[in-house]
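Order of writing sets the chain letters: A, B, C, D and E. Residues in each chain are counted from 1.
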């Protein structure tokens, strides 16, 4: 199912004017604070009606201001996780979670309920009132509430921002599974490149109310806008690949980026043959003049230097091209660049640690 | 000034029982969602009175339940950034920011005001009402409001969680400066190891209402609890060093970890002679059997393998010891460990990219 | 000391007062809720007019309100005649009329209370409920209504108290017929009209106060419960 | 048509009514605020009693309240005598007495409104203000009070409207002396007591309604402004 | 005697039912150059209690004897000035015009004429007209037959209203009230001896310092005033 969104409206002094579509899977809305991400989500949920807009999901028109059509929020069947949890203060956590199922045809089963509760670690909170929950607990309940309302589309506004790394690492795979197993499109707002590159099939970059880039996650997160705009540790590339059908000789999972290009990965439990996205941060790529022996990095790829961009903090962004269209970005110090006498067109080895690969 | 905290109270079913002290600089409260971090902050701010507790700042007792003493929140002079922004809805952003200065002797100057406003990027919001601010804008105003109240102590509850990486990267150095230039102790709750290791002089680990680890950031964040408890990408060590008084031959900033041990850093603008904390994530450390030539990594340190711990996803944590008490943690795949035939006692080279050093 | 042995007529008046006050409170609740909702959330042309109308019983001397009731709801009044013919509901000289008068007099108080609490409900929660599939009316039932329960209770108690004290409009509308329309308040009033009636008036006043205070305390307890559940207290 | 040319005595009654209603509203505001605050936030032994006391004027027939005032605040009453001697403040048979009666009758309405909105104020904001250095009283002034402005205005308008309509307690307490204690409401009452007075009563009623509705509209506007500022509307 | 113009106003506490007549009398009094008269019209009960608690009134005109007696008993009036000023007659009113009214005797079919409806009158234990009405019905012997159908109003005006609005088929009110309402018709008159005399007593109050009060009371008893009262339907008792 495809979600097509075209909106044009004023938000105080900012003009929101976006046009994008989101397919199955996760589409990330990415952009700085105040860019208009929440406003887009609100319009899609039907909570605000833009001056001018058209929103369609599959064949169904949800908003068409030109024809004065706007489907009420409760008929859209979209689950929303708000930036603030918005739990109902007069209902227990359990009742908050069950709220959606009173109003939906598609009931969630007891098992689903238990599963999501366990996943979010909110079992011990079920009979509590939301009033004294901690910030993270509240957000987890809000996520559960949206998931349990059997939505046709999930709108999630920084759902994991209030959570610790460990909890986030637990919930992310679940969202991945949700993405892969159901056909529910997910619109996901996040500030974390790692989260986005891992989850999102498609990325829409928003700045100052406008879409400044959109496309498959791999392209967009590696693209020019990120290359030049993002801070130090956010730069890098996102690659699409397929888990090798056979584990390689040492039993390590490998990702096939092309017929001959493979990256070895420190992660278990990936389904052979399934498609994955890998993010290779520029800071994680090391360059060597020739293949190196006796080193722990498992991945060494022959690349050609396409361009050299001096960057802040006396660093240098090195744009690399390899076999089968492979592109990489390496960030090194200018001192190293000088010491290695790097120049455009030069052949180098890109060394990448398996454990450093963002999955 | 030292803040000493001893608290014992019930939070619903959880028992909060903590005892720690925080000195000058930043003390991070670190722990999973629902651990009790916010509750500790609230007690320190005087917003809740624990059943049993003693809180002192410098020579001054703020809470002593044994003697029935509890200083009112407004007399404590502690600035608080709450997990939710809590802006005053009936006041403009400017008035929200100025609120504290009406009630404090120590007025903030016009220049300070402008500085903080510029730093937080909230200049264009000054005359707006808080109602329609975006989540991140709201949080930035809340941070500004606390900073501008001329506090004796800052209590910050996940202040940067709602912000994008770029904005975070802008505000963090300011907090560092605040830490270094003023004598205001800061108690800082965060879920981000990178943030904490960068900012915090001291870390207090809280879990399930109890302190499970406390001490200098370098020790605590590298310590056993993190080593074994934290997820993949959170493991690593934190090192204390001093910016070398002279830049080295190529004009790169170096950090002296000991008389002869230096790490080269891709960061400008650090004051020679100042103390810094470096976090070296385990995933960023590469191992080589002997020094490697023709490679972009600027740091190559001779280390001895102290221990090898097999970890999840077919990885291996390698604990390393070097000269002058230097300790490092490297995370590599077991395949590499086998290929390199690593064993305890072996001498290896630890390769670390300058750009990968968390500052 | 005050003689607290009551005549049968006085017992009747007490029972009647309670009945009238409870019925007035209960029957005015649904319309009050509707009107409060319309005033709090609605945007329609006649809003100012509706608001003024609701406040009329407060603004007008009760006698005038009673007179107005008589004109409208009396046997010959347009509404009274219609109701009598269509559903057989008669107000004149019946306790139902006393209840109507009390309900009307308490109406502005009830509406104001409910309206204030509806306005205080966080509309973001209603939005959230909507996204979970609840239609506006169900949102109202499941979110708005429970959240404005304290105001609802406050409004009910104001209406009840007012009904206990009201007699101006009542006596004008339905007279003072023992056993039918003579409430405590009108009984008290009668006592004050004769020399030497003070003791009797005081006695009944104490009863009225005791009954109302009990109701008040009960409602406070309920409101506190409601407030605690929603975290306001 | 209704003759809208008023006699001097009627003009006087209008002026007096406005004066009485405004003074009643204004002077009861500070104590109402205090009492509402105590009831909303306080935890003290006599709370239920205080609450009951505040509601008394609503529960009691106005005549009884009027007699109570006469007994307490009359020239021979304990409080009246004391006030006359100590500060020279005389209530009995003065417009001040009418204002006192109106204030007392409107007091429960005002307190309830203010109390409801105080209870609806998010105490987390008050906490935040405290951590910024504001002492409780200043928190109240700078946060609580502005946030409960809609309720305050609602309370004031209820009190004003009640004062315009009140005559039961007033006429009993301070009589119906033209130019001194004869308000619109008591003038209306006088008209209803004699044959052929209906036209006069209607005329004055229309004036009373017009004045009150104007005040109502003004207050609605103010309340909406206040609500818009705090984001509730 | 012509009182001086500069005299302070005379404050009169008068039963509310006197408003029309007394206002007219006061106009005449003012035309004669009398001191200004301020009249507070309210229920006799309220006025009496106010006087008992120190009201600054000079003259009290009550709608019945009870409250005047009450004040007299408390020593609050000057007994020597007490006058039975006005009288009234009790009539039975109906919404229907039944022709020339006659007297009401024991054979009057009150119950039949009510035909199940209410008999509107002042509240029988508190409102003077109600008390008189009940006494009259008892004396005539009709009370027991209709006592369950009595609707006691707060005052005579309200009782009259009930009849004129058709709520009650019959009512017992003062003749003064009945005469002024075109919607009701007098259906019968109660014999004057069937009830205690209906009198409006007036007296100057003990605490009155106003010398004009005596002049005013004298004017109320004058022919001129008497004519006005008569025109309003009262019977003038003071000769």
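Heads up, the rule we're going with is that a contact is a pair of C-beta atoms (placed from the backbone, for glycine too) under 8 Å apart; a residue touches a chain by one contact, two chains touch by 3 or more.
Computed from a predicted structure; not experimentally measured.
Visitor: Can you tell me the least number of steps between chain A and chain E, where a step is a move to a chain it touches?
Guide: Steps on the shortest route: 2.
Visitor: In the chain contact graph, what is the shortest path length, in steps, from chain C to chain D?
Guide: Tracing touching chains, the least step count from chain C to chain D comes to 1.
Visitor: Note the rotational component of the Cα superposition from chain A to chain B, reported as an angle of 0 to 180 degrees in steps of 5.
Guide: In short, 180 degrees.
Visitor: If you average the CA atoms of chain D and of chain E, how many Å lie between those two points?
Guide: Those two chain centres are 34 Å apart.
Visitor: From the C-alpha centre of chain A to that of chain D, how far is it in Å?
Guide: 60
Visitor: Where does chain A touch two or more other chains at once, residue-wise?
Guide: As it turns out, chain A has residues touching two or more other chains at 84.
Visitor: Multi-chain contacts in chain C: which residues touch at least two other chains?
Guide: 63, 67, 168, 189, 192
Visitor: At which residue positions does chain E touch at least two other chains?
Guide: Nothing qualifies.
Visitor: If we use the touch criterion from the header, which chain pairs count as touching?
Guide: Listed by label, chains in contact pair as A-B, A-C, B-D, C-D, C-E, D-E.
Visitor: What does chain B use to touch chain D in their complex?
Guide: Counting only chain B, the residues touching chain D are 45-47, 72-80, 82, 84, 86, 88-90, 99-100, 102-104, 129-131, 145-146, 149.
Visitor: Inside the complex, what are the residues of chain E that reach chain C?
Guide: Contacts found on chain E: 43, 45, 48, 66-67, 69-70, 118, 120, 123, 125-127, 150-154, 158, 161-162, 165-168.
Visitor: Provide the residue numbers of chain C that touch chain E in the complex, in ascending order.
Guide: 63, 67, 70-71, 74-77, 92-93, 168, 171-172, 174-177, 181-182, 189-197
Visitor: Of all residues in chain E, which touch chain D in the complex?
Guide: 11, 13, 16-17, 19-20, 38-42, 46-47, 49-50, 53-57, 155, 157, 160, 176-177, 179-181
Visitor: For a test of understanding, state which residues of chain D touch chain B in their complex under the given definition.
Guide: Listed in rising order, the residues are 124-125, 127-136, 138-139, 142-143, 146-147, 229-231.
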